[in-house]
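Going by the order they are written in, the chains are A, B, C and D; count residues from 1 in each one.
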Amino acid sequence: MMKRILAASAALAISATLAHAQEVKVGVNLPYTGIGAEFAQLIDRGMEIYLKINADKVKPYKITLIKRDAKNPGGNDARVATQELLTQDNVDILAGWVYSPNAIASAPVVNAGKKPAVIMNAGTAHITNMSQYYLRTSFSMWHAAYSMGEATAKQLKAKTAVVGYTDFPPGKDTLAAFKRSFEANGGKVIDEIPMGGAGAVPDMTPFFQRAKDKKPDVFFVFVPAGDHAAAVVKTYAALGMREAGIKLMGPGDITQDTKLQGMGDAAVGLITMHHYNADLDNAENKRFVAAWKKEYGANTTPDFMAVGGYDGMALIVHMVQQLKGKIDPEKAIAAAKTFKSNSPRGPISIDPDTRDIIMNEYLSEVVKGKDGKLMQKVIGKIDNVKDACKAQKIAPCDKGV
Amino acid sequence: MIENIASMLLGGMAAGMVLFIVSVGLSVTMGLMGFVNLAHGAFAMLGGYIIVLSMRHWGVGFAAALAIGFVLTAAISMVFERLLYSRLYKAGELDQVLFTIGLVFMFIAGLTVVVGPENQPVPIPAELRGQLNLGIVQYRTYSIFLIVVGIVIAVGLWLGFERTRFGAQIRAAVDNRRMAESLGINIDRLFAITFGFGSGMAAIGGGLGAEFLGLDPQYALKYLVFFLIVVSVGGLGSIFGVFWASIIIGVLDFVLKKYVPQGGTLFIYVLTIMLLLWRPQGLFGKPQ
Amino acid sequence: MSAPAPAYENPGAQALTGRHRLRLWEPLPWLLALAFYFLFPRHLGFGTELLITVLFALSLDLALGYAGIVTLGHAAFFGAGAYTVGMLAHHGIWNEPITSLFAAAAVAAAIGFASGLVLLRTTGLTLLMLTLCTMALLEEAANLGHDWTGGFDGLTGITIPPLFGLFEFNPLFPKVQYLYILGVLLVCFVFVRTLVYSPFGQSLTGIRENTLRMHAVGAPVRTRLIVCYTISAAVAGVAGGLWAQANAYVNLSTLGLDRAATVLIILVLGGYGRLYGAFVGAVAYMVLAHFLSKLYPTAWQLGLGLMLVIIALFFRGGILGMGDVITNWLRKLRAPS
Amino acid sequence: MTTLLETRSVSKNFGALAASTDINFKLESGARHALIGPNGAGKTTFINLLTGVLLPSSGTVLLKGRDITTMEQAQRVKLGIARTFQINRLFRGLSVLENVYISIAERVGAASQMLAPAGTRRDVIDEAMALLETLKLANDAHRTIAGLPYGRQRLVELAITLGQKPEVLLLDEPAAGVPSAESHIILDAIDALPKSIGVLIIDHDMDLVFRFAQRITVLVRGAIFAEGTPKEIGANPDVRAVYLGQAAHV
């Protein structure tokens, strides 16, 4: 990992000296150690891959990544990292943030530092309201969950649902978003089950047993990507809930591409709503996935986190190009609001009203591919989805800048 | 109704058995050596990794991998015990805490660098997936497997403890170390073997429990508190105590999560505090 | 028969009557802290964090280093202080910096007193687990009390009015915060220093060294421990309160095992029961963590772990103990002549 | 002469094991009393019952006629019962002076004082130094216990106890481990105490016991076997048979 970071920055340095390019310093705030290290790596690679395969778009500027460890979801280390990127490294643009509490804790510093800050993962809806310099290329929890509520009622014709969620803000966001749109479309949420905190993966069995006892049409689950998701699929299969006629579904976090193969056949039939999966059938995605596998190994795969980093870098490059390498914060934000791109996840843009992303949401089902590997098949799509929380001004998204 | 109760008991016991298998070694070594070994979870993690990697790279089966995990972890931990731990037996518990936390950090960093930060799924054999019909209730095969394994291990350990010479030596040393030494028991050897065996058990627990608990470099810290709770509730040095504490905590936790999921982990902490205030030495520990 | 020598000529008596006097080097840490302010204006964010950690470690030193209360739950009091300040400010009740700190100290002390009353009957592993569970309980409560505490997201929107109505807190260049925290640390340090050199402090070391004997000389051991624990909690509460003010937010990390374990490591690393161990440990740990993690983001833990292992194995008194070992060694070298 | 400490049919059982059986014992003021008995006779258990470390299973303990059977250890200390321990219980990381300081500060009520330095309590220090002087420990006042020879540590053990200015002094093998050349220091120190104090000593060193005691109680298997003046005990054939004969072989 370390070697790769060094190698990557060395490669950047060489290409820069050749071009005598103007340097733009991007301060990256990611948890390179600790429980978030895996996510940091995905986002980090997403950024690096963008710079590698889109070198022509970056020219003649040189983008230098200055990486700081945010360490944990505690908030404070991320805040200090942000502060030092601004005061010691004098970066032009900030980027990163895996965890919402880290983005929330950094907000006062971002406001004081007055530099555009591209959020590449943290998904709590109202974060972008906390600073006028926050831009987001990942997602808000409402994107997938709100779309899912609609699709569950309309497309899957479900009448009743039980919602299980990890008991922290993104989970509560997801619950609120799903419930609102599902019930607006005629469905009924018959039970809400908080399934432990985000720290340790709990044994999911008791929660799933409770859901099973309620006999809903669908069991809608939100858990953080990673270990939690693997546990969800295993428990669903092991408790025989499919046989009991209960469909498992959720935002794409539960079928994170990097975890999908590890879930085994138990995952077949899972239905998710998300803005990205590695199997999306479009040219840009094929290019992205191929470059990724070439760079990091055939057994690796990008996922929605990686694409958050990839598109985040696309946004950064857009700002740099628009401003000719001189990052004036107000102008940069104005430029970002004109951002449109053909991303691996399809067409995306930045909502000028909220500085959050507008993108497609894909309804997918996990199927077994011809090669015996699991893959996600798109069975439905909703175009140009905005963050409903901010669009409809639902608390706590009704306040802020 | 009966089905409901049965499935809660099974689910809770299965979770409890994972706790038991991992923690039993910690309890015995803490009771025997009086060593606050916060790195016990790290050995469970190391074992889990050995099990996963040996299945992946050498293509060995689940059972064989568990055996390899046990043997290698036991051997590695014995080297640690002889070279490092043994220097700190007479030190204060603070120095032991510092030392073992240092070890945990090194394990975490080492595995992150060597294997990577991501979660390692443990492939369990097809026979253990799916559901098993027990007559009154249909339940997760793997949970039932865990309960059976847990009980077999508990009985085996109990027999080993009560019926073998070595077990008698351990009991004597837990009871009164000075006395045991004066009876000519080779304490150094006893410590090393017990430590190795306990870490080996933890390795098996790490491998078996990964289905529920996952397996990544943070494992060593994430679940440490639960292992310590089981050990202190059960009482140091008591196999019986860890066994019942694991089952009680497993089942109670299961029931509470199912009916009062809003409470999170609150109840476990409340129960632990109340129990330890009532019996500071744990359920089956010797009063001091 | 010669007359007994006056007490103050005996080296033992001299040591006892003179030990609380200010030594020549004692202003040094404070001068260094001031020098840091002028030399590294861009590192003051790190500096404030460091000073707060010193204060927190100092509070732990009182309980652990002097009274021998082995706790893994000291962050409970840090968090209590932080949330007190945070919630008072967030809900618009009170936000004047200095008086808020008194509130933080009072709440933390109340929790310390209540839990000490119950927990300090136990020792060893049981005490370790009880302190840990108490802290976990508070953390879980803060998580569940979302409407009051902000839950997992933490409390934001904490506005701190200018200090003395004059000096504004700047989140990007925390100069005012730094000096303010340094001032509070100095006051708290003088208090703790007075305490540990007092007869009360002497009796705490007695409890640490031999609890049974303290009972035998008629000391009200439990009362002393509870008093000490309460004071220690209050100081930790002040540290937490400062943290909330300096960062303008509070979240669950103030209450977590991470923080409790880190401060314990820091103290043992520096050398516990030594008053300045908190300073040395915090500087060593945080500087290493900060810069190693910058240079080797994925591997700094390895170096840290190795350092802890080496200290525990070879330098029992922590870094300050290492100093003692070297001084003794030098003395022995000189002695033969 | 008044009775300081008295036990009435005190018994102590650990499960089925009887450690003390029906002990009736009196310690008069000014007494120099010795308690002897073979190993495992229950001598230390008896001291623990007197000081409140253990509570008797039955019977009563009286101090100057007051029932203190269930009173806590610290309260008994305040009433004037102090003891030394068979195995040193010292503050090993502290200096000799600090060890004694802690004890005296506790007695004079200085120990709860928080805001003035310990070094300013000259009264406590002077008293401690004077005590160290009588025990010939003044030159070691600055040394930490851990670096002190065992015999000297025994003297500190005694110094801490004397710092309590007890009315009843219980000495559990005070001279064990003290070089015989120094054991007289202990007796000298006891001689220097006010005469009204009642002293009870347990020891295996028969020379010491017979030099010191005016009265001897023999304890065998948790029960009083014989009691009398040293002369009587020395002449008692039963005692010689069960105890002195045995000890002579050791």
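As a working rule, contacts are C-beta pairs under 8 Å (C-beta built on N, C-alpha and C of every residue); 3 or more make two chains touch, one makes a residue touch a chain.
As the structure is a computational prediction, the values presented were derived from the model and not from experiment.
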item: Chain of greatest Cα-centre distance to chain A; value: D
item: Whole-Å separation of chain centres (CA-atom averages), chain A against chain D; value: 74
item: Length of the line joining the C-alpha centres of chain A and chain C, rounded to whole Å; value: 39
item: Distance between the centres, which are taken as Cα means, of chain B and chain A, whole angstrom; value: 36
item: For chain B paired with chain D, centre-to-centre distance based on mean C-alpha positions, whole Å; value: 47
item: Multi-partner residues of chain C (at least 2 other chains); value: 143, 298-301
item: Sequence positions of chain A contacting 2 or more other chains; value: 1, 33, 37, 167, 197
item: Two or more partner chains touched - positions in chain B; value: 109, 112-113, 117, 262, 264-265
item: All chain pairs that touch each other; value: A-B, A-C, B-C, C-D
item: Chain D-facing residues of chain C, complex; value: 4-5, 7, 10-20, 194-195, 197-203, 205-206, 209-210, 212-221, 224
item: Interface residues, chain A side, partner chain C - complex; value: 1-2, 5, 32-33, 37, 67-69, 71-76, 79-80, 83-84, 86-88, 100-101, 104-105, 107-109, 111-113, 124, 130, 167-169, 197-198
item: Residues of chain B touching chain C in the complex; value: 30, 36, 84, 87-88, 91, 93-99, 101-110, 112-113, 117, 225, 228-229, 231-232, 236, 262-266, 269-270, 272-273, 276-277, 280-282, 288
item: Contact footprint of chain A on chain C as seen in their complex; value: 42-43, 45-46, 49, 143, 151-154, 156, 170-173, 243, 247-249, 251-253, 256, 258, 293-294, 296-301
item: Touch list for chain B against partner chain A, complex; value: 4, 7-8, 11-12, 14-15, 109, 112-113, 116-119, 121, 123, 129-131, 138, 140-143, 211-214, 216-218, 222-223, 253-255, 257-259, 261-262, 264-265
